[in-house]
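The letters A, B, C and D name the chains in turn, as written, and every chain counts its residues from 1.
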């Protein structure tokens, strides 16, 4: 009994020493995958492309600074499913592929439109290393592999740059949205909601983008830009939304963070730019005799950012009139988007989900026919209110003085 | 020693519960037995050593008290 | 019986830690969006069960259940029942241990053998439990503070990140009241609340001059932890959506993983791991302690501490043998009627009530 | 150390000197002869023979040990007055003469008549002077303790920004006087015993009667009395012999060399143990939070004190878990590190040849070497060592690519953190446990750290110091006593003194080791 304690200490030590560190992985045994792309080749097999970070070239520091060599290396391989592509790639890479820091999943246009994205996501959700907060984007007019191989100048890791680009576009344009694996899966499984995934395309010759010269130039010839929102139906890409339609969709789904609108004033087109600071959208759904009635109400708050005609912005009545005009503009956008979606027969707004919430019993009956029958014929009422809170550092534009 | 017997009895009953439960769930007797034992089938060397160490400590105390009694 | 005393606050803390260790599991998710409701209903059932255990304690405040069973049912029958209870506790301990190891394995140690992970916990637990209920209770008090800070900060982070979407909780009654009640009584009542029967082994150690105070502490602890569990589940569903929650073995992990603030406060998996380890440790130690004192009392062994290592060892063995895969394990706990009707319901509900009735007539 | 003394005792058994005769004789020459024989004619035992009185002169001797006595007192108040004692002894035999000398002649503070050799020797060796007079079977002991002592200086181990600059010295009397000067209360009681067969070290316990719980006082006395050992050279001996649990890396007795800390703790109801010959005083019972409190906390305002204490708790955690957490994070839990940081660390580790745990161990051990080397060197060289070691070796190791800069940062922070804990005793245990934590982290990641942490906390919770739970007032939780733990509430809101030492909290505790160490 006297030495019992030391025995327990001994057990613990022997446990730790003997147990041989099964899950131990030193950092220089790992290849950090920053992005993963899915393509389809001619044979109809998946092609997985892996963008792997070369830490030494990214972090700089003592090793003499990055910039000389590419900060990433791209590998790709084909396979029948995603795991198989990984298996083939890992033979080419000298280290274990490590996904916990994967920030981006790129799905090529081809996969999305031909095979659909429904079956892609199980691995991402199931595997421990993937985080379900990883962003998903589509490619447009190029393959996913090309997209991953383009070097970028600001963020040394291209995946990071794509994500940041998208974030910037989401926060200022209101035409794009960041979407994560979680969101995609949730909208895939709920029948009253279809995913909307932002797309990127390459400007310039993709091959040139893989060279260091591209990013050493002050005006890189090859860049990546966000380009449209992909609309899905039953997991397949069917259409692209751009510009006002895209924004209208996002208005209706409460995703717009900030954007600017131009309105016609005094018969001059795009005379006043209104900058939205925040907005709130509410969707209410009702079923009247099995006919869905959706009402959307949008409230936006913002400021006047630019004026190109003279007008008396100190007058509250003028502001009220502008507000009305802005509201009309937003309403038009939303209606356009809804019209577009109804033609596509794809409920990207989650109206079905709203009905599900308010009428769970009836929803079960109409669920299967929602996209094709009920959604295109549903009554949709859009109500928009816009508020102007302030007009910046000046009240009236100098243009009003010019006129006098 | 008594403690070890109690422990053995308890372990035996627990294992038979596990086997019985498998049986109730619709596996036949052989399969039930195999299902109960198969977690121990794939063991690494290190794991096995830890296992042995644990068993060693299980017997250490009773054996020592036994010898102490002998001496007295 | 060990000569030790714990106070009411310590009992409260142990109860709460015991209950909260289930915070990681998708509790009552069969009721879909109303999971939180089924937890609350289960909690009410749990309060009733606690009162049953408490009344039994009131009749025999100074002796272990293993002993009053013998008083109530006669020497032979009582001993057999007590022995069965000890087996049940060991089964419970093994189940907790298995869950713990599997969670750890899926969460962070995919290659490490389950045996090693379980053995690690068993060794530390045995070390602590050998020191007696007082030390366990004091350790609990310290870690309760840690848990409190973890819970408060993660709640704050989740709210700050704006992850909560209340619409995810609608429609609330998707599955209907019948299913909710069924879930409550077959799952949530048993799993965190009914298991409190282990505490009947600990009640005799509580130093209390008036037994009503014990009742108050117990009810408060169960109520508090029930509300926390329900709240957590509601948060999980409102963050992740019911579909993801019902498909993930640890919804809380996904919730915590989705926290991202300022590009730095993210990847807080370690939070989850700490909750997991603290919860698993205390639940396992308490059950092991209950089983050990019960055995010591039944077999008249003077030093309880000598029993703990052998019992820990057999629990370790059984935790591996009880199921050959994790899905099988969860199936056996949650969905199999065999377990429900042969173990959970009789041991947690029927027998205590029966004992109470006998005690009532005997002590009239 | 102990084995050495045991050994010496065994040899002394074979030698076995003649037993000491019980009482002294009346013949001076016999007595002196015995004295000389017993002390082996050591030159520092001074025997000053003199003759006193007038017609007939009586032979007398003053005996003292040079160096530990106040020579001036002996010269002026013993020898001078004795020689000048010219009264006629008349018929007085030595017996009466000695009484008379004690009462009328010798003018020192304390004087006693003794007849037994054992107490005479003890008195002589503790610095008193003996006066023998021919014909008297008695001797006088005069209180002449003195000799060279270190002056009161600023304490070197627990220096403060604000507060008294006094530190204890090696003399127990001085130390106790310093505390007396702070607490002017007749209830401040002192009890004294001698411990150590060879050293006969004076050990005193000091407490405030009424404040200190009698159970604790009794326990301290009991444990002190149980000690059977040849020598007590420092307070550490006593500490190790009376602490509750010997198999623990954590200290369960608090030691200090500051009188204000002792006074504060006495007022809280603790018991102080003074040991002659060391500036360190023990305080019992000790609780864990006590080791994180510095006397500055009580002198600065409460908000600052509280903030500092939280900082210290954080520091302690860093010094305990810093490298372990880092090792776990970069070998097991890469997913928990933010991406940018991970890439930076990965870039640094690209060229490092060792696994992370090995790298951490190398650096930690290097640091411990530096610390140990700097500790015993003269101060001037010590700083050179730390500069060469810390800066040059660290820089070179990074440039050579043997360690990564992040690891160096972590180790450096940990090193500094381990010095920032106010109590050295608990800092060193954290330093020791750090290695255990690192090994656990390397073998099982965070899970390993958590397991080790659970063991540590369970161990801490199981400790008691003289019956008081070590982790009080957190575990067991005593809300009334939280005012002076991690937080320090303002003085005006401290309604009553802390109840930690209350008898309710004291339980019978076991002190296994103190009996077993019999020599």
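Simple rule for what comes next: a residue touches a chain if its C-beta (ideal position, glycine included) is under 8 Å from a C-beta of that chain, and two chains touch if they have at least 3 such contacts.
Keep in mind it's a predicted model, so treat the numbers as computed, not measured.
Closest chain to the protein centre (all Cα atoms averaged), using per-chain Cα means: C. Between A-C and C-D, more C-beta contact pairs are found at C-D.
Mean C-alpha position of chain A lies 41 Å from that of chain C.
Put simply, the C-alpha centre of chain C and that of chain D have 47 angstrom between them. As a whole-number value, the distance joining the C-alpha centres of chain A and chain B reads 54 Å.
Computed from the mean C-alpha positions, the centre of chain B lies at a distance of 51 Å from the centre of chain D.
Contact with two or more other chains is made by residues 108-109, 112-113, 116, 119-120, 123-124, 127, 267 of chain C. The multi-chain contact residues of chain D, meaning those touching 2 or more other chains, are 332, 335, 444-445, 448, 451, 455.
Multi-chain contact residues, meaning those touching two or more other chains, occur in chain A at positions 4, 11-12, 15, 19-20, 23, 131. Listing the residues of chain C that touch chain A in their complex gives 106-113, 116, 119-120, 123-124, 126-127, 130, 167, 170-171, 173-174, 240-241, 243-244, 254, 257-258, 260, 267. Put simply, chain A touches chain C in their complex at residues 4, 8, 11-12, 15, 19, 22-23, 125, 128, 131-133, 182, 185-186, 189-190, 353, 356-360. Partner chain B is touched in their complex by these residues of chain C: 86-87, 90-91, 94, 113-116, 119, 295, 299, 301, 306-307, 309-311, 313-314, 316-318, 320-324, 332, 336, 338-339, 342. Chain D makes touch with chain A in their complex at residues 247, 330-332, 334-335, 339, 342-352, 355-356, 398-399, 405, 439-440, 442-445, 448, 451-452, 455.
For chain B in complex with chain C, the residues that touch the partner chain are 2-4, 6-7, 10-11, 13-15, 17-18, 21, 24-25, 35-40, 43-44, 46-47, 50-51, 54-55, 57-58, 61.
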